[in-house]
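Right after this note come the structures.
Two complexes, one shared chain (subunit A), two partners (subunit B, subunit C).
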Partner chain A sequence: MLKAQIKVLLKKSVLDPQGQAVEKSLSSLGYHNINHVRIGKYLEVTLEETDRAAAEAQVREMCARLLTNPVIEDYTFELVEVEQ
Partner chain B sequence: MLKAQIKVLLKKSVLDPQGQAVEKSLSSLGYHNINHVRIGKYLEVTLEETDRAAAEAQVREMCARLLTNPVIEDYTFELVEVEQ
Partner chain C sequence: MKFGVVVFPGSNCDLDAYHMIQDVLQQPVEYLWHQEEKIAGFDCLILPGGFSYGDYLRCGAIARFSPVMKSVVDFARQGGLVIGICNGFQILVEAGLLPGALYRNTCLQFRCQDTYLKVENYDTPFTRAIPRERVLKIPIAHGEGNYYVDPETLQQLKKNGQIIFRYATAEGEVTPAANPNGSVENIAGVCNERKNVLGMMPHPERAGEPALGSADGKLIFTSILKYWEGCRS
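Presenting the complex of A and B:
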């Protein structure tokens, strides 16, 4: 089986209020060396599939159809082998 | 500068209703080879820090204090170099 580890973030041009809030909180906790914080989603999708190319194509399709909002979000993913 | 890429997921023993909902949605969209879906948070925190060991210690501390809930969540992170 293959596990897709998908990282989803808002596009750089889109305001990230959650990230800004966390940035301020870190600063008020005394962490003054924080330059920037962005917050998004992390998904792990395990596929019963052994062919990497097929899995990759399927993950892209699922991201476009359901898992991400291509208008405001960007994603990257990696495929790792997992045991049954 | 160093960027911490932090992946946060609910612990395996904690129910993940959001993941289950997405799993069902994928199935109803015709993806029947999905074995499991987990959904969590993804954070990118950029630190004005060049020492990897110091950055690593700081990220762990920030995760424990603010960024994650250690009672129900597990996290992993990687540090990558970024340009100024």
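Presenting the complex of A and C:
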């Protein structure tokens, strides 16, 4: 089986209010070298699939249709082998 | 004129919308459960506010794949009137019936308050009965009503008159301070290009009678009724 490890982040052009709040919070804790914080989502999707190309195509399709909103979000993913 | 109020698991303004149509507008109305695949005989569909599917993944992301939504999309594509309020607006953008996206308020707070809306286009089925220059007092209640649209699409919206409401002061001035959620250019409601689908974050169904603090919301439903009557005469 293959597991897709999908990371979803707001696009660079979209303001991330949560990231900004955390950035300020880190700064108030004394971490003055923080340049930028972005907060996103991490999804794991396990597929009963052995063919990597097929799995990759399916993950892209699922991201486009449901898992992400292409208007405001970007995503990256990796496929890793997992035991049944 | 027959209205349908779509009910998703987690909708919580469906009763308010029903009350607005039945008791305030005094028109026939029926609930439509999200599993209905065929809908017929309706003149206007309302997607109410709430937290459909618990807002899991993204607000509206799962509801848009409800069985009823295929019929809602077909109805809208045929020119049928659809109004999405709050979560209903989120569902309409997720379904691609309206441009843009709605995400976390910049203040990070859930905002439950009255807002004042400047009407930007009176030439739509949803706004034609609103007196000119009238600033509408209609409440919001949301945590994810921050409207985002990319700059190119924003220009298109302006060109086509698709921006319908903007958050403003009580005097109708569109200012940064009057923006409760960080929406691009204070946008509170938009239409599709054909102007038969409206999405708005404020709740007109909660502001239809003076006893509720404002009757301005009724003007939107009166507009819909007038438009429909105009089409038939």
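Note that the second predicted complex is superposed on the first by the 84 of 84 C-alpha atoms of A that agree within 3 Å, B and C clash if a C-alpha of one lies under 4 Å from a C-alpha of the other, contacts with A are read in each partner's own complex, and residues count from 1 in each chain.
Going forward, contacts are C-beta pairs under 8 Å (C-beta built on N, C-alpha and C of every residue); 3 or more make two chains touch, one makes a residue touch a chain.
What you see is a predicted model, and the numbers here were worked out from it, not measured in a lab.
In the superposition on chain A, contact is made by A:Glu48 with subunit B only, not with subunit C. Judged by the touch definition given at the top, the superposed model places A:Met1 against subunit B, while subunit C stays out of reach. In the superposition on chain A, contact of A:Ile72 is made with subunit C only, not with subunit B. In the superposition on chain A, A:Leu10 makes contact with subunit C only, while subunit B stays out of contact range. Contacts of A:Ser25 after superposition on the shared chain: subunit B is touched, whereas subunit C is not.
Of the residues of subunit A, those at positions 66-67 touch subunit B in one of the two structures and subunit C in the other. For subunit A in complex with subunit C, the touching residues are 10, 13-15, 17-18, 21, 66-67, 69, 71-72. Contacts from subunit B toward subunit A in the complex involve residues 1, 5, 7-9, 19, 22, 25-26, 29, 31, 33-49, 58, 62, 65-67.
On subunit C, the positions that touch subunit A within their shared complex are 57-58, 61-62, 65, 93-94, 100-101, 103-108, 146, 148-150, 182.
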